[in-house]
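Reviewing the structure listed below.
Each chain carries a letter (A, B, C and D) given by its place in the written order, and its residues are counted from 1.
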Amino acid sequence: MSSLNKKFPRLLPEPIKKGMKVSDLIDTAFKAYNGGRLAEACRLFTEKMIAREGTVGMSLTGALTPAGLGRAAIAPLMKAGFVDWIISTGANLYHDLHFGLDMHLYAGSPFLNDVDLRRDGVIRIYDVLFDYDVLLDTDAFVRNVIQGPEFQKTMATDEFHHLLGKYVYLREKKLGIKETSVLSTAYQYGVPIFTSSPGDSSIGMNVAAMALRDSKLLIDVNRDVNQTAAIVYAAKSGGNTSSVFILGGGSPKNFMLQTEPQIQEVMGIEERGHDYFLQCTDARPDTGGLSGATPGEAVSWGKIDPDQLPGTVICYTDSTIGLPLLTAYVLARHAPRKLKRLYDRRPELMERLKKAYYTSGRAAEVGSKR
Amino acid sequence: MSSLNKKFPRLLPEPIKKGMKVSDLIDTAFKAYNGGRLAEACRLFTEKMIAREGTVGMSLTGALTPAGLGRAAIAPLMKAGFVDWIISTGANLYHDLHFGLDMHLYAGSPFLNDVDLRRDGVIRIYDVLFDYDVLLDTDAFVRNVIQGPEFQKTMATDEFHHLLGKYVYLREKKLGIKETSVLSTAYQYGVPIFTSSPGDSSIGMNVAAMALRDSKLLIDVNRDVNQTAAIVYAAKSGGNTSSVFILGGGSPKNFMLQTEPQIQEVMGIEERGHDYFLQCTDARPDTGGLSGATPGEAVSWGKIDPDQLPGTVICYTDSTIGLPLLTAYVLARHAPRKLKRLYDRRPELMERLKKAYYTSGRAAEVGSKR
Amino acid sequence: MSSLNKKFPRLLPEPIKKGMKVSDLIDTAFKAYNGGRLAEACRLFTEKMIAREGTVGMSLTGALTPAGLGRAAIAPLMKAGFVDWIISTGANLYHDLHFGLDMHLYAGSPFLNDVDLRRDGVIRIYDVLFDYDVLLDTDAFVRNVIQGPEFQKTMATDEFHHLLGKYVYLREKKLGIKETSVLSTAYQYGVPIFTSSPGDSSIGMNVAAMALRDSKLLIDVNRDVNQTAAIVYAAKSGGNTSSVFILGGGSPKNFMLQTEPQIQEVMGIEERGHDYFLQCTDARPDTGGLSGATPGEAVSWGKIDPDQLPGTVICYTDSTIGLPLLTAYVLARHAPRKLKRLYDRRPELMERLKKAYYTSGRAAEVGSKR
Amino acid sequence: MSSLNKKFPRLLPEPIKKGMKVSDLIDTAFKAYNGGRLAEACRLFTEKMIAREGTVGMSLTGALTPAGLGRAAIAPLMKAGFVDWIISTGANLYHDLHFGLDMHLYAGSPFLNDVDLRRDGVIRIYDVLFDYDVLLDTDAFVRNVIQGPEFQKTMATDEFHHLLGKYVYLREKKLGIKETSVLSTAYQYGVPIFTSSPGDSSIGMNVAAMALRDSKLLIDVNRDVNQTAAIVYAAKSGGNTSSVFILGGGSPKNFMLQTEPQIQEVMGIEERGHDYFLQCTDARPDTGGLSGATPGEAVSWGKIDPDQLPGTVICYTDSTIGLPLLTAYVLARHAPRKLKRLYDRRPELMERLKKAYYTSGRAAEVGSKR
């Protein structure tokens, strides 16, 4: 007989009972396959990622805010101090605005006739429906806001989203609603939100159209690249862990992971990679997208610390299932953390990175090879 | 402005809070995409499928019992009277035996070296591990049991599994354990369990090897086909609904759905199809497997009542996530039902089907076409 | 610099040109990801599986014959001597009958209204369409044939399909058509075809309904289990390789792979597992189905020879793409082989297996454990 | 009997024969499921998208250039005049540089130990391998080039990639190699290449690091948004079709599709949407990503012309399989087209869009709503 019993727990769950809490069900009945991975993800987040001041970055792709998960899950995670910085698609932030502006989205169906919807002025995001006016009114809000004087300059997306979040927050107060929006919550709690593709979404589209008028707003992509690397470098050089919590994949996943090669490969600063890696996705490794690339592959790039490979979990399930379960679990099992308010520390973090870059010697090497 | 608000509920979930129950989280935060489908599945099961004496058939594919879901979820659903009959792969029943015989499975990892495992006598089912002796001892149990005189005949799989379940039940009592096994629970609660591929699994393999000795046990596949159709026909002709709850897909899915064409197309009896359809799967419709075939496609075959197409849900998520959630939901939201004990009624049900077949005229038509 | 150049070929494909042959395109431009796997699969089949008298078993799941691949690809592979035995779902054989009987299927669309189709008597298999009469007439053909005296007995599915194939072949000749059908081709070329779920399909449904009349036809599942093991044992004990070519997954995949545990675990005969493993599927390992289980996992069960793990390829693509490409490749790159006509050798193969079983000692152990 | 034969072709493929050409195999044997979709995609591209001066945009995601498809397929399509403009991830352009600089990538395996690879300085992209020096040397090339005076300004990505492409082209000439690189080919053939996430890739990382030194290079995201819309507007307002050919999905997919809402919703110019839509992906519509969103959903947004919905195809297969097949097909079935050289016309196209925007009245409305 082997020594399995010394290395692994026996698999013998108790029968599910009436009235179980989410955290108990996950600990009891999620034992294998993606159920097992989801339980591991919950424990990784609770016991490792948010332990001991660890910095947690979250990337958002897929229609999370249209599905209501901005309000239901992402904002509560920020408020509990469990998510310190965010990289999001523009679409998730654009649709987040509807909630902050008290516009109405509806839980519909994916099986409707789109030609009819187009005729009736209804917009469909899979099974989420809303009127075309929601787009036009949200666009008008964006254009109105970015006409303000504080927007007439070149800035990074964290600053842009912070300023935008302030106006959402003010609108919420005026409307007498609260806890509706990721942008507003991030503004209040000092969580920096970046986007890796600033032109890609209705926010970017309106910024671009305004640039054909007299707007001076331009996104400084370089600052985003360096500022995100600065957040990770500050965590790691300060003796803390850096964790990535990836919902979906896409460009935000890569943008979050590339912080480490930016530090090591491009800036020549010695580092070992992110410590913990948690992804909820349906993307597979074999079909060519970075979305499905494994933590193992990321190790070969220096994105993930090879010693931490056990601290990585991919759960292949829909974020609309995985995220609320994980949120309920971690809120049940861990007390809120002190907020890091990384947004308030952006100049300081950048200075630390620049200093390390200038002293690494790589900056001086520019162009010297080949 | 459109009339969306008259047709669909507003999508505005409350923030997730500490200590939430499974049923409340699903009702609150599962609004769209597969999260939305899972919530619909929970409500379909609770409000339609088990309402008013409806008959519920469940098909089991994928490694459910190895993942502990036999004990955690399937047995509790049977005991609450929520599942009336089952079609399972042989593998799920074979691995269920390990639990009934108090053998040990372990929650391991999918990332182990299989050549090492083979050398060490460890069997791996993805991330579930156990010793090779578990197979040998389970095989010996099966061979021992089927040597008994009641097994020396041709029989359908529901009878075979009922007899086998009796011996598991007796072993459980002897070992002082309970609520461990699907087979034992089905035996006690009168739930017939069929398999669509009786030779395909270690149970079938041992039955086959014994047939090279002096065993007289032979599976009557024809009886299975007709008996499953008889269960559905009894439900529908008695004025009740017939629902299918499909975990995974595969041959058991088709075997469950083909009951309706067996009644209509082959036996010439007027019928309209199953009423409710609930599937939890990762199989997509476009890649060619029946596993991924939609309820819509099933309508064209007469497998699903076209008037009931709204009463169908496919949730694309792992059963190891979907099944415990659905089980917790329905146990929280619906009182146990009176058991149907369909196993005890098998001769009567078959007689009703035969009578309808003989009077349909189709039996007399045999071979008259073309 | 590493020694990559010593271990792996440089990845530098030539530009695709007008008029390329399938085999050249695959060798030139399929270098990585599933394209790379498909090229490896083509070479594994051509250079290893059909080399030196190796025995090749093929399992068929998914709607292959409805997609026309029976005629286009499976029959040509049998005729070239590249496929020696088959395990198929019943559905693939049932729909193969339409082609042999010169009935008409149509290349339609997956986006039709199924309620309308049901009303109009049109059956849909995803994007394949045909009239309801095709089902009724095929059913009548099956019932007519199985009324014959040679069917009035208990038999294994290879014999059943051989007899059925003979009637398809005779019908083809009468209709003046040829090369239409898998069943007819298998009959002519001596390729045994098994099914792992004999009741699951319209063929099994009609056999079952006839059993309620006076038919004596009953499938001997035990014989199927042992006969498939006998084919593999004959190959391996004769010093040849045994390869599995799996399209899709499902019960036929397991039925094909379990031949090795039947030999080793159940019958106690020393063996090492199949040599080569080639699968074309969309099933992933993490979602619980055996369809997605990897060759690595199969090693831990003794299904695959651990020394041959490099000789295994899974290509995650639709069989409707992978199978015609692979067929075109192997027909271009390898001359036809001498037919094995394993059907003609069924009693002899079974005798060899029985003899090994009786001498292994396992038969005498029955029931002695625990 | 229905009238299927009047609406759909009979499904009866000829047997596959030795030595078949790619285009013949696709027309003959690809009849249903994703095989059928791939054949439809080939015909849509050949008969509709490139017919009559239609403008074709291609979006690149997933590891296409690392898989060698830049040289094998994308460059030949540009040279034949079949692809007029491109949106790519930064990663595809970065890894394209290796080919243009004659660095060596290797066709490896996905099953290697990443901790060992990290130690040995080997980088893995799934099954593509190369030395860490390839990254460092490519980075150095990028840094060297962008130090040049023509890069010391704010510019859009099409201009940036054109300038970069020029230097790749010069390097190719110096090295005596040709037809190696997407960037070089696009430079020579006047095909504009955009990226939707300019900071996300090693190219963007190096640009960002240089900005911490004295580099003045900054990407003008607004110009990218407007210039891509200008290309589509020029095609449509000139009476031609606009088609999208999407490999994968991700941010480039949305960036390509949003050109239409930019024209209609944001700029207030009357338009109807793209005409033809062809996507090769593994992303499903139900899991929340825009990658999997269907053309139908895009109709509800005005991204796709509702009258053209039949002119849309999604083929669920790996681009590493689908792209070489489609390339071989279209090169066999259609003569090369006259190059559009859209890069050379960028100022003119932008002027046309600006003029339409200024006259639509939407520009004057800014901020007037709510």
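By our rule, a contact is a pair of C-beta atoms (placed from the backbone, for glycine too) under 8 Å apart; a residue touches a chain by one contact, two chains touch by 3 or more.
Predicted model only: the values in this text are computed from it and were never measured.
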Set B-D beside A-B; more C-beta pairs touch across A-B
Longest centre-to-centre distance from subunit A, chain (CA-based): C
Same or different contact residues where subunit D meets its copy subunit C, judged by the half mark: same
Using mean CA coordinates as chain centres, what's the gap between subunit B and subunit D in Å? 45
From the C-alpha centre of subunit A to that of subunit B, how far is it in Å? 38
Give me the residue numbers in subunit A that touch at least two other chains, ranges are fine. 32-34, 62-63, 67, 122, 126, 284, 286-288, 316, 318, 320
Note which residues of subunit C are touching subunit D in the complex, please. 1-2, 4-5, 7-23, 25, 28-36, 38, 62-63, 66-69, 71-73, 75-76, 99, 104-109, 120-122, 125-131, 133, 179, 316-318, 320-321, 324-325, 327-328, 331-332
In their complex, what parts of subunit D are in touch with subunit B? 32-34, 37, 284, 286-288, 316
Please name which positions on subunit A make contact with subunit D in the complex. 61-64, 67, 89, 91, 110, 114-115, 117-119, 122-126, 135-137, 139-141, 143-144, 147, 154, 196-202, 204-213, 218-226, 248-251, 254-255, 258, 261-262, 265-267, 282-291, 293, 296-297, 299-302, 306, 309, 318-320, 354, 357, 363, 365-370
